[in-house]
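Same chain, two partners: chain A is paired with chain B first, then with chain C.
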Partner chain A sequence: MGAILGVNEDSHPPVLILFTCLLAGLVVAGLAGALWPKAGRGVACVCLLAALGFVAIALFGLLRAPSAMVLPIGPPGQALSLVLDPLAAWFLLILGLSAAAASLYALADAAHAAPRVVAGFPLFVAGMALSLLAGDGVTLLLGFEAMSLASWVLVGYGHADAANRQAARLYLCFALLSGLCLAAALALWAASAGGIGLDVLRAAPPDGWRAAVILALVLAGAGSKAGLVPLHGWLPLAHPAAPGHVSALMSSAMVKVAIYVMARLLLDCAGPAQPLWWGVPLLALGAASAVLGALRAALEEDTKVILACSTIENVGLIVAALGLAAIFRAADLGALAALATGAALLHALAHSVFKAGLFLAAAAVLTGAGSRRLDSLGGLIHAMPATAACAGVLAAAAAALPPLSGFAGEWLLVQSLLAGWRIGPLPMQVGLAAAVALVGLAAALAAAAMVRLYGLVFLGRPRGPRSAAAREAPPLARAALIGCAGLTVLIGLAPGPLLRLAEEAVRTAVRQNIADQAQLFLLAPGGGATAYAAPLLALLLAAGIAALYLGMRRYSPAEPVLGPAWGCGFLPAPPELPFGDPLAQPSAAGFGQPLRRMLGSSVLGAREVVTMPEPGDPAPARLEAGFADPVFAGLLAPLAALRDWLADRAERLRDMSLRRCLSLSFGTLVALLALLAWLET
Partner chain B sequence: MAAFAALLTQILHLALLLVLAPLLVGVVRWLKARLLGRRGASPLQPWRDMRKLLLKRPIIAESASVVTLAAPYVAVAATVVAALLVPSFTRGMALAPVADLLVLAGCLALARGALALAGMDAGTPFGGLGAAREMAFAALAEPALLLVALCCAILAGSSNIDAIAAVFAEGALGIRVSLALALAALVAVALAENARIPVDNPATHLELTMVHEAMILEASGRHLALWEYQAALALTLWLSLLAAIFVPFGMAPAASGPIGWLVGLAAYAAKIGALALLLAVFESAIAKMRVFRVPEFLGAALLLGLLGALFLFVSTGLL
Partner chain C sequence: MGFGHIPFDVSHALAGGMLLMSFVLLYQRRVPGLIAALATQGGLLGLAALWQGWAQGAAGLYLTGLIALVAKAVLIPWALSTLVRRLGMHGSVQTALGIGPSMIAGVGLAALALVVALPVAAGGSALAQEDLAVALSVVLLGMLVMIARRNAIGQVVGLMSMENGLILAAVGVQGLPLLIELSTAALLLVLALVAGVFLTGIRERFDSLDVAFLEDHRGERR
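Here is the complex of A and B:
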């Protein structure tokens, strides 16, 4: 690595020693949490401090030369090593910010935290941090697996509920799959490169069939962790099953660790020598994930499931941008490759902040109003004004509305897609045009999903007595929410400076410069042919609102009066329904109906069955509507059937006679010896 | 001097659009009435309605929140910002370098989001119904708009509206099939975004198929005036966008001075008048679709956009 990145020659750089201390602190905090469950508050404090330390280390890593350190521990012949380079630092920044918000929220909730949550949370954070700063494949896998196992413990926190147990089991299966695939990919690569260090791998990029296999394995391994279609089935089940702040961290930081692994292995280490098709699977799977995730987010009926599906959408957009960067680089369009990478990095940061905030808001709603179901919430803006205000900002960012943070990254992504027609063959051009349409569809569906989520949870009338008597979140939780909302506004207003900050990270990923496309107040890709000026837009919006407000004060001074809702002349509800007739308000399924009918039937197999009773029959008419993710019927069900079949076969071994048992052992022995003889030659 | 001219034309453009918006709605209504054999109200009627509404005291539903109070301001401001980006009688206004088609779409999405949330705020059945349909239609209109942007970006080199207008005005590109397809797609998107026939009927109230009017049922007084104004401004900006991209002739460069601006203004008036007449004729001749036929309509727009891009790929490949 030293040759390429100019690594700091100091063998024990203080910044990495600090990082190791923070990791050790997190592990000790995890153990302490396991031994003394009452230590929740202290553990959360340690996590908060460590997260802020990670932010500082990340800023150091982004601004200074890379540094590397070999740890005195590890498997024989392979000491673990840490590398802080700009790409890792950018994702460490993401982790630090999300973990700080989640820890602050955990601090508010520390008195009621379950012991396994107290113990698991710091280990989870430590695992993610370790895999980000790993300098070799073994450390990477170690951190990745620690992250997977710790988060599995956290997902299984509500294990009294069978659905949560099932979610945790499914999550463990997918975690195993992703670990196995990544280990296989790294082993294959290391075998041809002659070492497992990232710098060794970088020096020997794979080619031929090996490149294709490594691409497929990394896509399966990191993609299943990130929630890429078709390996996303676990995500909308497992993310919501964990406690609120853990869901926030899983959706904002953990999927980013998987994306980091993709960017590191497929863009940085695999090098510029890859062919044009190298990025195509990333782009195709990313676009498909974006649409499927957004569509599911617009149809689901549980706040946290909606947010998890929206995570699939955003992961899809980020991965599509990475794929696009690989395609551009293979086509020798360096500036566009840098632009697409910048889009991916910026959107990764923006998504982690607004998604962490939205999950924390969902957790505050669950605590304050007692439900995650959209059909029992409603009207919470009156009881939880601070949470509602923050959630409004965050949901607007998730809906990619300017001038907030979600818009800048998606704008960059679409701009780089719009320039994609310059790439050669016709199928590629058509595919990129289709990707433009899919990204637009995903963005608009995400906006629909966020309007639906916000409108059904915070606006309207309460749909149940519990949400009518909701309580505002405690001060620390509100502080976490306000922090996330403030950061979202800041990121939205300063995409240019942030891209400048990410400049070295972009250079690490694709060896290209992005600085000339990102100015202080302006994003100007392609030599300034067009531009997006977020601060100017915000200023104009604010000026417009202020002018309108003053004008209305002047020309329409009458104070509004309260009255019953008009509702096209619906009669007022009877007195036993103090919040009006609940049926006279859109339900979650009702609000999703247009999209379910327009797009759901083809993609999600949505169906609606109307049962009308015969005339004269007093039975009620029924409308049954639903949808199912095709991945369950298409992938998971056959896998489950295969598992049952294998188990059935294995069961038959029990009934074998002694003779057969002996011959089986003998046969195995002979086969192993034959294998050994073959390997020796 | 050039900077001053750019700024001055930007201010004149804003003033023009702000005054013109309700007038344009009045003209379209008047034209439709004449086509149907009625005398029709004066084109000034929307401005008179606006004044009347401003003088009335707004009534807020008891279940409504601060969203009802704030949303119309956000929506009108976002639409005004969007209108600032679309050139009318000159090119090269002060905001031309940032007049990006996607940013325009973002501003309109912001206005749409505010409108949908305002519709859901009171917790009445029609508001939610309208919001759900509006967001669903937008989900199909947005990709079509992006594909139109792709066609324009391939031909003009960027998605900047001003740059597109400049390249198309030179006429060097000639008449292209892709431009016709993109025009058809953009017209369909414009009809859907403005809640015009065949997607929605702007003249109906209290009908089960309505979309836009359903969301502002609870608005009254100045809030209703703001919503009406927002719709009028959005219509004006979409017509101006169509004129700027597909009929960019006669637009004066900002630096050409008052004479050039007057010529540009005359050309703009002629273009907008013709588009208003076309809209009125179209709306009088066509029936409104069922709500669930709208996806087919917008899907066709999406396919037209894709086809336009495809033709461009093939033709640029042959050159």
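Here is the complex of A and C:
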């Protein structure tokens, strides 16, 4: 295959042989974990080594020419093949970094890991890596399905709880839907292209009705895995149900695999000859996901659910950037297409690092303070200082504060959106303007969500004895957190060099060059009318903070004094509440109330019901407030009703007599033969 | 190879004979007659396999033919008639579908099989095409026999006839591995065994072979 692609004459490139060995090692580790549950530590070590190996392979792939290899296994007539090109290498880098952090965290509590988690985790990593480096559709589907099934096992680890069982079931349904849609899209494409290899597909881009169907199927298939609205219903349930480090990997790497599939099929393989509307569904769904995810993140009351909703938001931003790149490319604006793609890739990397770190911090909080509910946490900055510091950096990145990693990608996205206001007919111009507003709204909501999350978990006073007696995370877990926070700072300080590193990946996706817009210390999109110099900004901020600190020391010579916390005007707490009256601190619902009242009623169907007792009735007045994601009532409930109706119909078949059963199959056979005869004529 | 060539004509005649026997199965009301027609069909199948073995020069097909002759023309009919005699089932078979309609349906199925099979096998020889069409008709007619009978014996006979059609299709194709034919033959023996046990069982329990009696005794009725 190497000769066919013309990329690397060596038919067995060492880098891909190393990759195959790493995959085999992960599979063996998974089997070993299934056989010996005590091997958790060793399995986590293998995962860590494999993840570091993936990082090395990814850097090699980003800096060197693409290489390809045909594996000696596969279905008849279609050997599996691997291709390491820059686009795949970029996402492999993302996978490697997040998997390394997650494995390090897994190593920290490997002694208590359930057997199915020990066995499932390496298989999950292997499935993701295989689908990233797939050289043909069959390998892609194989890796994708391995990823889905292994993560389903991991999501179902807390199966004693009915809610987790339901989450795992919903997750499996969506995974099956996504696999079916992708298989259908690839089959349709391969039928017209005459082969399933990615190079064959690239040589025969779809057109006409076929293109529309493939776009819809890939969007449904990869979008349901990435958590795009309206197929996101499973994500806030399933990601929190998995163990901490698996949630981190699912939110940081698995959704990126789905995004990779979108970028690979819809941008790279579908080619530059697609019409202007090709990117519109991506942009629209991405913007909607961003707003809905951020709004839910600002309203939810469970740390991991908040983080999962924030994942929906970031996936939305990345997909919107990809859609924008497709629109720019169709409008023949090459530099802007490269810019939007660069924004997507950069934000994918940044999000994977800070989201992995935040999920690990949430897991550390769950272990140390025993809860995921915001209303029973609080004040953890005293008990868990290292975790709190790392989570602060990571949450600031998730809130897109400069000069941290979340800012650069979103800034590039907004810059490219602002540059696109003259493209196409009037409806598209209006749509692009609306997308700017939606992306800005999403970024603001995400910042609010992160402030609320960090404030309620780490600041203030403990809301219960368990969080007052919290324990700091073990050293290895702290190392994982510190690693993520450090990488976040690094990525934030060096967006320019990272974009240079992603240059070939951008070229693979949209065949455009981004190098002249990314300099060492400066991002200068669109010819330098605006620019973002992260290191300079960091220096200014550091100088400002240092000046503030020194000034305070200089002009306020008295030592700081710790006093009792102000009770917000409430009476002093009774002695049976040594940690203060819980009513004297804002609750999670109270913190989210303004947003719920402003935006929730229209988007999330938020409601508030005040029940006043009759005059003379001593019962208390009640205020009931809440919200529900419209996808449950609008999409999942009708689907469940349809399923029940179909099951009811199918149930009637069982009561048929023997002859009727025979007649049914006979009738089906005759009908199929008649169809065949009709097709042949 | 086409009309006028001895190998083609003989195999065509044998396959046609099998199709004829399928129609006989479709209208035959009496149980001994059914078994006799099945035996004749099995014998014709054996002859067809032997003839194909000679025409294709494939030694494996001789074995298939011998197995068919011994098992399908002699052993299975003999076992079935012994069973019927022991169960006292000499009476007529109640058909669920009248003779006229079932014959019309049979002719329609044979036509459908021809329409489907001839273009599918267009690449092969004329012999393979005709063989496939006839074999598909035999399979479809066997299924129709299973549906058209209320009696368990009738359904067993229909199943055996379907299987004859499958073997006919298999021997018409050149280069079928012997292993597949042997395993099919083994499958048939198992089928016959199960059918015998089943018949004896329902006869003992319900004192009849009408499968309608079974329907009151299915589990998990709502």
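Throughout what follows, the second predicted complex is superposed on the first by the 660 of 681 C-alpha atoms of A that agree within 3 Å, B and C clash if a C-alpha of one lies under 4 Å from a C-alpha of the other, contacts with A are read in each partner's own complex, and residues count from 1 in each chain.
The criterion applied here is as follows: contacts are C-beta pairs under 8 Å (C-beta built on N, C-alpha and C of every residue); 3 or more make two chains touch, one makes a residue touch a chain.
Because the structure is a prediction, the values reported are computed rather than measured.
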Request  = Considering only touches as defined above, state whether A:673 meets chain B (first), chain C (second), both or neither.
outcome  = second
Task = Check whether A:646 is in contact with chain B, with chain C, with both or with neither, and answer first, second, both or neither.
result = neither
Ask   = Does the superposition put A:515 against chain B (first), chain C (second), both, or neither?
value = neither
Query = Is A:577 touching the first partner chain B, the second partner chain C, both, or neither of them?
reply = neither
Task = With the two complexes superposed on chain A, say which partner A:560 touches: chain B (first), chain C (second), both, or neither.
result = first
Touching residues on chain A, where the partner in the complex is chain B = 298, 378-379, 381-382, 396, 399-402, 407, 411, 414-415, 417-419, 421, 426, 429-430, 433-434, 436-441, 443-445, 447-448, 450-452, 454-456, 459-461, 522, 526, 528-533, 536-537, 540-541, 544-545, 548-549, 552, 555-556, 558-568, 570, 579-580, 584-586, 590-595, 597-599
Ask   = Which residues of chain A touch chain C in their complex?
value = 651, 654-655, 657-659, 662-663, 666, 669-670, 673-674, 676-677, 680
Note = Contacts from chain B onto chain A in the complex sit at residues 54-67, 69, 73-74, 76-78, 80-81, 84, 97-98, 100, 102-103, 106-107, 109-110, 112-113, 116-117, 120-126, 128-129, 131-133, 135-147, 149-150, 153-154, 157-160, 163, 206, 217-218, 221-222, 225-226, 291-292, 295, 302, 305-306, 309-310, 312-314, 316-317
Message = For the complex, give me every residue of chain C touching chain A.
response = 96, 109, 112-113, 115-116, 119-120, 140, 143-144, 146-147, 150, 155, 211-212, 214-215, 220-222
